[in-house]
Structures are given as C-alpha cells and as structure tokens.
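Chain lettering (A, B, C and D) follows the sequence in which the chains are written, and residue indices restart at 1 in each chain.
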Amino acid sequence: MSDDRVQELRAQIDAVNLQILELLNKRAAIAAEIGKVQMQMGVSFYDPAREAFMLHQLEKHNKGPFSNETIKALFREIFRASMALEEQQAKAKILVQRKSPDQRTVITLPDGTQIGAGDFTIITGPCAVESIEQMEETAAALATRGVKILRGMAYKPRTSPYDFQGMGEQGLQIARQVANKHGMFITSEIMDQSQIPMFMDYVDIFWIGARNMQNSFLLRALGKINKPVILKRGLSATLEEFLYAAEYIVSSGNPNVILIERGIRTFEKWTRNTLDIGGVAVLKLESHLPVVVDISHSAGRRDIAKPLARVAKASGADGLMVEVHPNPPVALSDAKQQLTIPEFHALMDEITDRETAF
Amino acid sequence: MSDDRVQELRAQIDAVNLQILELLNKRAAIAAEIGKVQMQMGVSFYDPAREAFMLHQLEKHNKGPFSNETIKALFREIFRASMALEEQQAKAKILVQRKSPDQRTVITLPDGTQIGAGDFTIITGPCAVESIEQMEETAAALATRGVKILRGMAYKPRTSPYDFQGMGEQGLQIARQVANKHGMFITSEIMDQSQIPMFMDYVDIFWIGARNMQNSFLLRALGKINKPVILKRGLSATLEEFLYAAEYIVSSGNPNVILIERGIRTFEKWTRNTLDIGGVAVLKLESHLPVVVDISHSAGRRDIAKPLARVAKASGADGLMVEVHPNPPVALSDAKQQLTIPEFHALMDEITDRETAF
Amino acid sequence: MSDDRVQELRAQIDAVNLQILELLNKRAAIAAEIGKVQMQMGVSFYDPAREAFMLHQLEKHNKGPFSNETIKALFREIFRASMALEEQQAKAKILVQRKSPDQRTVITLPDGTQIGAGDFTIITGPCAVESIEQMEETAAALATRGVKILRGMAYKPRTSPYDFQGMGEQGLQIARQVANKHGMFITSEIMDQSQIPMFMDYVDIFWIGARNMQNSFLLRALGKINKPVILKRGLSATLEEFLYAAEYIVSSGNPNVILIERGIRTFEKWTRNTLDIGGVAVLKLESHLPVVVDISHSAGRRDIAKPLARVAKASGADGLMVEVHPNPPVALSDAKQQLTIPEFHALMDEITDRETAF
Amino acid sequence: MSDDRVQELRAQIDAVNLQILELLNKRAAIAAEIGKVQMQMGVSFYDPAREAFMLHQLEKHNKGPFSNETIKALFREIFRASMALEEQQAKAKILVQRKSPDQRTVITLPDGTQIGAGDFTIITGPCAVESIEQMEETAAALATRGVKILRGMAYKPRTSPYDFQGMGEQGLQIARQVANKHGMFITSEIMDQSQIPMFMDYVDIFWIGARNMQNSFLLRALGKINKPVILKRGLSATLEEFLYAAEYIVSSGNPNVILIERGIRTFEKWTRNTLDIGGVAVLKLESHLPVVVDISHSAGRRDIAKPLARVAKASGADGLMVEVHPNPPVALSDAKQQLTIPEFHALMDEITDRETAF
C-alpha cells in the first residue's frame, strides 16, 4: 500500500519536474535576450543589484516548505546558469577553453618548429645563465639532440634579496649569442613589464614565472606583444586560476600561450613540490593551449628525472622542461635539481627510444 | 530604447521566477510526503536509481536553450535541496549540529567539574607517562593551579615502529595512582577497540588520536561506553569530516564528546602544524560540543605557547590542551613542544590574569 | 694583497677541515662500538639523556666564536649521523628500504601470478560489492582482459555514519563466489583487527585503507598473517610516514606488502585529490616493495582515466587500481569516478597496445 | 661488564667531542676573517666553487667509517654555520629580524598616529571603492569609532579578467576626498611599479597584495619611497618567504613595513583560507615589524568576525584589517565576507570592552 502511494507521489513529482524544466528554459531564453541587448549597450552581464532585487522578491513571496535560504540558494544556481548561457551565446566564452576535442593551439617559431602540434617539445638549459662558457658547453650538447628552445634565464626571482639574482641584460646577450650559433630559440623570464622593450631585442619566447602568474599588468602587457609566452602555474594556484591567468594574455590579443605545470606546494618533503600530473590531463581536456611539464622544479631532485620524463610524455603533455648544467654542484641556483650533460643524454635516450610508442 | 526593452524583459523574468518558486515549493511538499512514507517503510531517502531516471526524463524532454548538462546540474541541486528538507522534516538531522544559539553540551565529571559550561578547562600533563617520578612531579605542580584533567598517555601512536610506543598498561597504573593522589581525572589515548575493557579500569576520559579520527569501528565502540570521549581532528581532516566523526560516536549513544583542534598539516615549516583557529570559531558556531585547543601539537614549539593560550581563550573555545614535562629535553617524545613546569606557571598566570576580561 | 690573504686563510681552513674529518671518523668508530655493545644488551641506540649531557658539556666548554646554539645544532647533526651509522652497521636498517638497485619484493599468488616482478598488474572491480549481479557482470568483463585481482569491498569507510557502509560479510561471500567462478583473487578492505579471522575465510589479499594507514595495532596484526597486504597512503601522509607504516607490517613478520599511491589532499578542486606521481618514482627508488597507482580515488573523475593509466605505467609503478562498475550513475558510492565496462575495455586497449613499449 | 665498556667508550667520545668543538671554533674564526677581507673587497660570502673544492678534498681523504655522503652532509652544515657567522659578524644580518626582545618598528603617520607602538590599529573600509556615496557612508561610520586608516582600493587583482577590476584612478580620487573630509589616511593596493608616481598623489600607505608578495621589482621600488608599505603574505608563502619579501623592501631603504597575515590556502572548505594565527605569534617573535591580522580574507565569512577579532587582539598582533560595506550583498567583490556597518560597530564593541584586559 505504502508503495503504491510512493508511486503516485512520484508521478506527481515527474509532472512538476517537466513544468519546472519548461519554465527554466523559458527564463533562459528571456535572459539570453537581455544579454544580447546589454552587449549592444556595452554593459556587463553581471548585475549584483538586480540579483539582490530578484532574491528579495522571491523571499517575499516564498511560503515554504523550502526555507528562504534554500530558495535563494537554488535561484542563485539558476542565475549562474543563465549568466553562463548568456556569456556563451554572446560568444564571450573563455577563450582558452577547448570548444571541440580536436581544437588545439599550435605555436610556430620562425624556423617552422611547432609546439602543440603533436611533437614532444624539449625546453632545456641551465637554471640561470652564469657565463658564456657554461651556456656554450650546454647548448653544444643540447644541439646534438635537436633541442630548439634554450633557457636563457638572466633574471632569477629569488626568495632572499641576498641570493644571486641573475646576470641581467648581459645574461640575455650571452644567451642570444649562443642560441644564434646553434640555431636555437631563447626563452627567458621577464620580471616586470618595464623590461618588455629590452627583452624584445633578445628573447624569442617570453616566460612568466610562478610568482608572477597573477600579475595582471604583466599578463595584459604580454598579451599585446607578437611573441609566444610561457606561463608557469603559481605554486599554489588552482587549475581554474591558471587558465584565467592565461585568459588575461589571450584576451589581450596574444593567442600564443604555453602552459607549464611545475608542481604545487604541499606538505611532502621528499620532493620540492608535488607534480600535479592529473592537472596536466585536466588542462589538456579543458584547454586547447599546449601544456609542458617541468620535471625539474616539480621534483627538485635529479634522481627521478627519467621516470618523470616518461610520465610527462605519457600524460599527453606537449613537451617537457628540464634543467641541464655542465656542473650542477657549483651552479649558482637550484644545484640539486639540474641534470649533468650525460644525465641529459640518458634522459633523451629514455624518451626517444619510446617515441614511436606514444 | 534598449533600456526600456531590458525593463520589459526583466518584468517577464520576474513573473517566471515566481512561477518557478511556486513549483519548487509544490515539488518540495510532495517530496516531503514521499519521505514520510519511506521513513515509515524504513527506507533511506537517497535513491540514486530514481534520480537517474528523473534526470533521464528531463534530458529527453529538454528542448533548450539550456543544455542537458545545465538542466541536470540544476535539477541535482533541486534534488539535494528536497532531500535536505526531507531529512530535516524527518528529524534525521545531524546530532552534533547546533540547533539554537544557546544549545551546548556540558560534560560533568564525577566530582562536578564541568567542561563546556563556560569555564576554560585546562587539560595537561606530559606527552607520555615515562615514570612515577615524572608523573608525580608534574601532577603536584598542576594541582597547585587547580588542574583537574591529567594526560596519562600510555600508548603513543608513532610514525616509526622503532620509536618509543609508550609504557602500556603500566603507564595507565602510574597515571591512575598519581591522579588519585591529587584528586584529578585521567585522559588517555586508546589505540584499538580491544583495549576498551582494560581502559575502563583506569581512565576517566577516553581519547581518540588524530590518526584514528576516522576509525569507524573504534568510534562506534566508544559510542557505547558511559565515559566522555575526547576526539582529535585528523591532521588533514576537514571540519565537516571532523563533525561526522563525532557523529559516529554520538549516534552510537554517547553524547559526551569533546572536540580538539590540534593543527592541520600544511607546507609551513616554522610551526609543526597550522593551528586552525578560524576552524575553532566555526566549530563553536556549527556544533554544541565543547571545543578544546591543543597548543602543543599545533605549534610544535614552546616559545609561542603564551600567545597561543591567549588566542585559544579569546576564540571562544572551552579549554586548552598543553603538554608539560619536568625536563623536556630528555622527554621520550615531543621534546621541543613540552613546557617546563615554570613555563606552565607563567602560562597560567598569563591566561588567569585576563580571566575576567573574556 | 687581500686576495693573497684570502688564499692563506683558505689553506688554514683546508688543514682544519682534514683534522675535523679525522676526528669525526674517530668519533664514529667509537660510537659504532658502543652501538654494538648496546645491541648485545638489547638497548636502543637513542638515549636522549646522554645527548642532553653531551650538549651540556659542549656548551660549558664553548668559547666561541660559534654561539652555543650553533654548536649544539652542529653536534646534533653529528649525533644523528653517528646514530644512522650505528643503525646501519647493526643491520637494524629499515626493512622496507631498498638496499641495492635491483632488490625487489615479488609477491606470488597461489596460481603463480606475480606482483612486482615486472608485469603491470591490474587491480579492479566496483568501488563496493552491491549485489551478486553487479559483481558477476563486472567480473565476467574483467576476466576477458586477464584481470586476476578483483576488488571485493564489503566494508566501506565513509565520512558520514549515515552513508552506505558496505554489505559486510555477505558482500565478502558474493565476492568470493564470483572470484572462484572466474579464477580470480579477492582483495578487500579490513577495518579492524577483530575482523581478521573472518576475513581469512574469504580474502586473498588484505587491504588497509587510507584512513587506517597509521592504525599501528591493525598494521602489526596484519604483520602476523601469511597473506599479502595492500597498504594505501593516508590522504595527507608523507612518503616517509607511508614507508614507516609499511615497516610496521614487515617488521612484524609479513614481507608481502603492496603500496598504493591514491592521491594526496590539496587545495585543488578540479580533481578529488592530487596524484603524487613524483612520489611513486621516489617510492620505487627508496623501497623494494611493489607500488600500485590508484587512478580512481586520486582523480575522482573518469574522464582522465586514460592518460592517468598511461602515466601510471610510464612511472615505473608495478600496476594500477581502477574502479569499474556496470552502471556508475547508480553506484552506492563514488559514482563519478567509476568506469563503465566499455570505458574499462578502452583503457585496457590504451595501455596494452603500448605494452611492448614500456 | 658491558656497561663498563660503554662508560669507557663514552669517555672517549666526550674527549673527541671537545677536540671537535675546538676545531670548529678555530675554523669559524678563520672563516670570519676571510669574510671580513671579502667584504672589504666587495665579494659575496657564498662561493659555491670553493665549497665544491673543499668537499672534493674531504671526499678524497675520507677513510670512513662515515660514508662520503655523510661527511659531505656534515661539512655542508659546518659551511652553512660558518657563513651564517660571517654574515652576522659582518652585520649583514637580515634587517627585518628582531635582534632583542623589545626591538620594534613603530610607524608614525603625519598626524602622529602610530602603528606598532602598542595600540591595536584598525584598518578598514570596503573591499573596493565603488562610489562616492558608498565610501562616504562607510567612512562616516568608521570615523565615529576613531578609525584612522581607510581602505581605498581602486585596483582589484581578480582571478578572471572578466571580473570587476576596480575603478582605477577615479577610485583613488574618491577615497582621497572622503579620507580628507574625515581626517583619515588611505591605504590602497598598487599593482605595478609604473603606478608609483600616480599613487604618491593619493595614497598614504602603499599596499602590496598577496599575489605580488614576491614581485621583487615592485618590492624594491617601494623600498625607495618615503611612505609606509603594507605587505600581505602570499596565499601559500612560508613565513620565511614572507620575511624575505619584507627584507626586499627594507634593504632597499624603506624601514616602514607592516606585515599582514591573511590566511593560507589549504584543503579546508568551510573557511576561504586558514588563518595562521600561530604564524602571527612566530612573526612577532622573529621580526620587529608590526603585524596585522586580516580577518576578512582569512575567513571569507562574516559570521566568525567577532571571535577572530578577539583572537587577533589576543595573539599579540598590532592590529586588524576587516572589510566593511554599507550593503555587502550588492558589493562588486567579496560580498560574503564584508561586514555591514552595524556588524562593524558590534565588532568594535567586542574588542573595545576588552581593551583594558589586553
């Protein structure tokens, strides 16, 4: 008997569900039209005062059994869904978001080298430029493995003001000279938008470090240049924040952004950071931008470089970033994580042998 | 003109809002009735197959502009709200949750000492029982400050199997003997439900450590005894998980649970853990159970004990837990965080002087 | 001139360095002998009172320029190094630690199936046993792919006492029956040591969940049985704590432990947990135990199962754990992360095609 | 007998300890002299090549029983200690570090208002400047409670480029006008060093947000102005990184830095961030700079503002930061955490009544 009653009540629910469905869609259609008008007027979709008014109305008319709290929570969801629809229909959708499974941003360098087109790109070089000899020795070795993108780091963001801060413009000159000799491209971290004109003379790919991931002035400024930009994930940025940071650049006019996952900060002490490889998989799903895995900063130790390189490749990432130094123990920064040149060759063997497989 | 059009469309939206409101409440009323019938039948409210069926129906009938995804997301919110209402109306609400601003669980010990009634309770003693002399020296000092609850830790959960694991039952005997002499009560950590009968002979307040916070068998077993239980927050438990762990005890029959916030694990290295004092404030808001702040494990260093004791008191917590040892540097565990006896006196002076103020 | 002075002083330093070196080794040799004697006496190496005495002596005799603080810090390092040496020489080294690059624990099941010997083991099945039909349908599909180890989860540790807690012993019976039919082995989570005798009747591989990773009574009890044990990493356990938890089992007599990395808790919201793949690489380096990657709980979403399966394989792990359910949306737990049977087949295709490559 | 042997060996150890002690101090004295010479020569203390050479020498001469690894680890500690001593003796010590228990930086505003001198400073105002009316209504209320420092936020760092980014310079004009009327000072977040000249016209206290905590170019630029600077802790910065960020400013010439703890990012969801109150206590111990507690961003909810305000005061902090808005539900940002004006008055009553006690 009770069971029959349940069936009867469920049928009523089903009917109400369909009525609600119809009204939700009716509401969405009207809201979308408002959106269209507002866009012509140049007004933002989000109007908190209007929302507050509607919630107040609903509260006034609510007779229960749902509490005002619940009603307001449900309508906030409806508002959010409507707004999402408006934004979508007005094509104001997030630019960096993947719209179809095969959409991909491919970045082409002057010599035709591509990032994001299916090859597994290696970005490498020392943590910092220290001398012409150090750069030359490293680049010569990298060139034999076909590396095209060289780290030419001349400004190092350091925790302490008393630590080595990089060679500055002189470092960029060295990197440029060495890269030219070996037919390579340079990427280098920019610290402040005031450096853009000077960097334009030396650098092929701009690099925004983890500490600057949410420096919106720098992001927007690099959205106005015509060179690619590498953007590193902040050390405790969520993936959502990471994509929005990329959106600052892309929405300012520069579509050529490369995302680097470099590990997030956790309590674990045996690695410097925790490589978020699941995050890489999610980024490839959610965005069409190329994603590169930094296996140096994420681990902070060279003894797991090989498995991490294999992992990076297997994850579907578009490349990996690894630090290589002719003599890591005397490096001015990040001594523990830089590979020696022989270690780098071993790592390349490891992932090249398997190239056909992935 | 555009603005007029917006006004017109907004009026339409307002009307639709009220229609949706009415249907939502109608739906809630029917759902609540189903809930009532089901409760009589002894069936759980949550029926995933039924939900899947309803979502499927909606999907089939959805003509947009909302996508199926959005419609399903919105209805899942509606289902959740309905279920919350059913649960509430069926009075199956969470037991540990505060229902009114002045609801509070007060725990009364055999001599009339109360925890949670407004006094600021001090729970203290060495990290572990090491000898009768150590316990006696400590307890004698504590007694002069009116301390009533003595740590009598005889089983220490340790990371390494090779570390000191506590004195075992002999430790409990020592603690009991010393507590009796000074008119104190003992709290001691229980590691496994098999120890309950033996613990009943020695211990006044059971203690569940952070590592066992989600040991549901132990939680339920302690829900069946008639002595109070201290429950420590797991080292990376959310507040929601913490309250649900308490619910395991309370819903098994034992309402006398004391919550201890002891710091959560983060990346910060200058303190052992991060004391979540905002969490204490939230727990006092959300639950009627007494909340105690552990200033020893959260900080892992004795040099900030005084400010943390003041903070604990100011937060609205019902008491604090601090470790005191006659000679911390030779302690068998947690040497860096235990106070000396003079430091303990200084700490008591600090918070007692201010007693009238808070 | 100044430069000459620096050279001169550096030569002095070099000489002092060698004197310190000699004394350190002399000290280590004596300490090692003490260790040997103490081991014969059955005394632990670590004697905090002795350390405190030595530090006190040094403080008394210190005339600077190093502060007492610094001297004590340096000698604590020396003590630690000596103790490490003693432990090592006394062969009291951590059992789970890898002693040579090719040392590996291989676990052999009754039919000769091996885990940790080089094959990539698949452990799979539904999140929880729900019915004979559900288990049968799943197992039949898994059998076609050669799966040997079936999840037969009958006790589910749940955050809320009101959530589905598993079918209990009846679930184990179902799992056993289905496994027997398909020539499979069962692994099932044990919640409390009191369940061991009953579990021995049904289960081939015991399973300790993340919430029980530091339940030392359960760990030690499972160290005394003669069946393999799967140990999951706690949700915010460090790798060191994880290995020490395994050490509890192994040092109690059971060498057959399989480690599962299942993601750690972080602030990231787009995945349920953060898969610590760098941690897997470190575990393989530091320990000889087999390591399995749980791609279900770590991600909490099925849409990245394929890349994570490839990643698990590439990391050097010995296998992967993935949840499969005939109808995930109606599953009683973890609906969002369980694969459908077709999705499971696709995942197997993905990693089998590439089997030769890794 | 064995025990006698242990005693004998221990006496040998004690003798060796004292020899090592003497050599360590001898070494430190020589190293300090090198440091002095190098400072005259303008050379940095840290010379990785020299370290590598010494380690190589030691390795060559090491005959055990300590392994080369251990010897190198111990000597690296000795090097570090020596370098620390050199730096200290050369007075190159960290400027923001407290040298004596009563050292404190007191910041004096033009009207004599002091921060860090013992009073509990209230910094407050809306999350962002939205209109002259909103600022005027808020400031008028704040003035009645003696508030001197007004938030005049005109540039909002936002996760999404599509969110409200602040009113810009117009917002600063409004804030200035309102502050002048009520005899208040303005603090406002600066986003980029290019804004400094413009900000100098409007702002009394510069503000560096959490996202810019490690923007070294901005930090150094603000080290060259003659107005105080508020520095917020990055959302997952360690305390060490936080103090080093302050050091960038102070070592560039501006001693007037105020530290704000604003909560760190954790897995907890019931608060927006986790207020690190233990960190506040540690900062007060380690540094002489004023420390202010932001109870708005750390909690992200206004319902625990009162206990957190009491906690801030009890912690020994020099003040608190709280957001107040005439109508939080319609605020353009951070609606959930801003207090209404009546709530602000209640909060002030709460901490003022208790003023005499702390």
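Methods note: a contact is a pair of C-beta atoms (placed from the backbone, for glycine too) under 8 Å apart; a residue touches a chain by one contact, two chains touch by 3 or more.
Owing to the predicted nature of the structure, the values given are computational and were not obtained by experimental measurement.
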Greatest separation from subunit D - chain, by CA centre:
C
Going by the touch criterion at the top, tell me which pair is linked by more C-beta contacts: B-C or C-D.
C-D
For subunit B versus subunit D, what separation do you get between their C-alpha means, in angstrom?
31
Indicate the whole-number Å distance between the mean C-alpha point of subunit B and the mean C-alpha point of subunit C.
28
When the C-alpha atoms of subunit C and subunit D are each averaged to a single point, how far apart are the two points in Å?
37
Quick check: what residues of subunit C touch more than one other chain, meaning two or more?
236, 240, 265-267
Of all residues in subunit A, which touch subunit D in the complex?
44, 48-49, 52, 92, 157-162, 165, 191-194, 211-212, 214-218, 220, 235-236, 240-241, 244, 247-248, 251-252, 265, 329-332, 335
For the complex, which residues does subunit D have touching subunit B?
236, 238-240, 263-264, 266-271, 274-282, 284-286, 298-299, 303-304, 307-308, 310-311, 313-316, 354, 356-358
Subunit A contact footprint on subunit B (complex, rising order)
2-3, 5-6, 9-10, 12-14, 16-21, 23-34, 37-38, 40-41, 50, 54, 57-58, 61-66, 70-71, 73-75, 77-78, 81, 84-85, 89, 265-267
